[in-house]
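Per-chain residue numbering starts at 1, and chain names A, B, C and D are given in the order in which the chains are listed.
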């Protein structure tokens, strides 16, 4: 396994990325950058992380040939099984890596933001395992709709701090975590949950998540003796997508980023009916990076919408914004209904209940199978247990 | 990997086991016996199963050195991570194996019983994946308290049939499944969920689950260069325990079977306050086998009790009954409170939320660490996500 | 009376009831009424918490009986009191026998006038010890054969059974059904004439009973249909049903040409 | 008036308010009152949906202002109307500027009498294009330095800033606090005398303001304390606070011996 090292002076992907943060946070962020650059070259650090990925997180995850789905779609489909990672999603790949960075930096406290609770749980897990005090910011609205994950975090010894500002969802939880960090950086590490945010987070998170793609690259060559025609992954902030895409960027593989189409393309003054910042967003600055965002003409951030809490974010990582611009990554949308179809179909056909987020990639594949070519990989970023209540409720609507 | 083959004429372990079933079921059971014996020697069958275990179920599962728990207990503790198996518990090891047997037998329909829903979900998963019609019997009481697992089964395309007879729990679901099978055996395979029931189920389920112990045996030798002093596993019917114990039976390793102590040793006319048939039961026949059971002086089966639905069963597999008699396996109890302590402690110390069932083994270890020796393995048979509502509710009592 | 003796006077009607349903006190009288109505053998069920071979009707009867205080001690009291001059046969699950001790159980059967035992979850392979106890106390141990029992096994069961051979009419559990299958006819045909054979599971009407006798059975066992009437408190209709069944099998015995229904 | 001109008459009191709070219509009058009460510079905030550098007080003000119809177009109307003879400085997040277009934004500032811009989420590294736009339109671009800004970086920021240097009084976000830390004193001391330096974040009382001036600052920025009074509708107390602050820093300037509080 080898991580793509981010280069000291390169904080941007084309015009995207950068560090648009208050001065008080520049020093903490530069320290994280420096620590990560140093550690990513350290054999000991990598051995340590690889040990945890293997023995604690349960890696490698299988690349599963989904025979029934393949038959349904008339092409050969493999599923990358991040649903089997400890905690139930790819999120732990990143939290393990960053928590080890935090440890090496001598920090004793972790803070994180969470929307659906998956990154919060993954942070609480590493907090417990590696002995940090852990506090997770979560919007009040999200706390209400994700009670079980709140309880999981608490069981794991983390404190969940309700965020009452703004739209009281993920976006505001991130704001609040930055505010905390601005006062606490001395002992505290901000463990960001997706491949967005100020540099070095987009690169670092992509690197830690690229274990997905590195495994998949090796596995598909072993199984098929060739690379896939296509890889599809869902996109919230972009961490699972960049994780599986990164090791294939130089290859002739079509990379499809499936965003939340939500209820459609509608907008109001303050809200968008989707979470499709890559497909429908415009250039802007959110959470420390210049990227594609959902905003009004004046630059106010819109509240996004998706049935999948993990895709319900008005921004996206800057590297994906760049890769969209260059045409290397194709942004696509799956709306709520399509995602639900993916959710049901994968459950029935293969006995795998995907996360609603991942179900967007599956749903897209069901709708546009030709886009997948003859041999494709779909990234199943997480398992759907967390979404049962949501889907049940949606059904009765 | 090599399975311990069960011997054609040997239906018993000492005086335990056998086939106490209605004549109408003898032929179906003999056919299963024959098919299993034949297939367990078939290279193709084994390759097929190993493929699914690796690529679909996510095996091998890690043997994780739990550093914080080790420190807490003053000895070196490894956790066998069945919580990472697809579906969330060791149950899939067995359902994959048996479903492949059923497929080879030309059956088109699977039936199963379930208590907490874990075996039902594991059956629904293989039913979906391998293309069976699947029906799962589940007591009305259990349906009420395990709504999420009912919904999971339905999502996976299985039908959940409510059982209204008897105590309307697991025991009665098994009765009902046998009744179904007595009329449907021609096309239907009864996929039994634990290492109990009539021969060949106890041997077959043990064999399919012994992948746990075979992996652990190899892993502990790789890590430590020696065998553990002790292995602890929880016991409902005994499948996860026999699965990890079997490959160590000939070794000098102390094997501890932790049963549900429930509310204590109390009994009424019809109920016991625990699920400790190995520790507190007497010889009797239940669900087709002579074994240790919880019964009144006349032979009526008592309703068992445990906060962990998967341990809430008044019987136990015959092989464990035999191994208890010979002294090879030590039966121990952990009551609800101790299990909850195990649940919380493992969550906080290691970032692993165990199933309430597995938490019994952890709780026992916390209470009697000396019993573990210097180097021990605890089998974490499943993950605790399914138990969050139960634990939350218990807390507020 | 030994069962073999009873089987001299074929065709026989064997009536199953669950001891203790609706109450232990009611059972002896019920047995006597059934005998008077024409039953040739009474199959007296000992209720079990987990009656895996039984359908909903008999399960419910067992639950009522247990709730009404039925247990093994009471069972034998009731059986003694049900003093009739036709044979009584125990029917119940092995664990109830095992719990009391095999020898004691067989002895209690003998003492309370029970001629034989039917244990639906005890195949011959597991029956050795009980068989011995039964021999010691002169109690027959009746085995069952089913439509799916293969020839070699059927032969073994025929050899092992005593009193009579219980032929399971069709796949499934006890409970009233509306037709008699070809399977059942085949099974009856597969057993040589010398073996006394009673057919049960799902026989609920005089027509079915007659059909079974015409197919070659020596006896018909009727259970759920009777239990159902007891559950509804319709004892007179129960006696009526027994009378009709008896008449039907007698008539069938005479005109042995099979009727397709 | 250019900011550098204003800094001739040290010590200065810079007062922050959020444009549009409680309503766009109210803002021009508020600015005039503050100027009359003694403010030397008005920092006029453009509310943003995601004010990451701000504490609860200013967040709430932004939400009120947005709800009351404040947007960038309205902002510049309001700023023009707030016709005072002290400098006005824009304060707001980069995305609002970026969305309008950097050049247009700087031009609008110049047109509506805004002398400078404070953009708390725009470090010098990212500020190149805006800097150019500001130069084109004669608007100062003020950078911030914080207690944890290391020496080399502080030097770079000093060089890059124009108008004055905004010193962040302490770790955290905007919001009233009760003490001034050693960190702040150190930061003030680390900036050479030639650089005009204003200290903000958390200064809410005349005592704190005085202390900051005694520590060597050229100006004090007060924000949340004022916003809080506006939120409560206590405009006279706001004017009173401004008067007291102004008096305190003037007095402090004369007797420059530091007081520990």
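One rule holds in what follows: contacts are C-beta pairs under 8 Å (C-beta built on N, C-alpha and C of every residue); 3 or more make two chains touch, one makes a residue touch a chain.
Computed from a predicted model, the values in this text were never measured in an experiment.
Common neighbours of chain B and chain D under the contact rule above are A. Distance from the chain C centre to the chain D centre is 98 Å, each centre being the mean of its Cα atoms. Look at where the CA atoms of chain A average out and do the same for chain D: the two points lie 37 Å apart.
Centroids of chain A and chain C (each the mean of its C-alpha atoms) stand 67 Å apart. Not a single residue position of chain A touches two or more of the other chains. If touching chains are joined by edges, the resulting network of the protein chains shown is an open path. Under the touch rule stated earlier, the contacting chain pairs are A-B, A-D, B-C.
Here chain D touches chain A in the complex through residues 48-53, 55-56, 59, 63, 66, 71-73, 93-100, 120-123, 125-126, 143-150, 153, 157, 168, 171-173, going by the rule given at the top. For chain A in complex with chain D, the residues that touch the partner chain are 11, 18-24, 26-28, 165-166, 171-172, 175, 178-179, 182-186, 283-288, 290, 293, 295, 297-301. Residues 54-56, 58, 61-65, 68, 81, 83-84, 86, 88, 124-129, 131, 148, 151-152, 155-157, 343-344, 347-353, 385, 388-389, 391-392 of chain B touch chain A in their complex.
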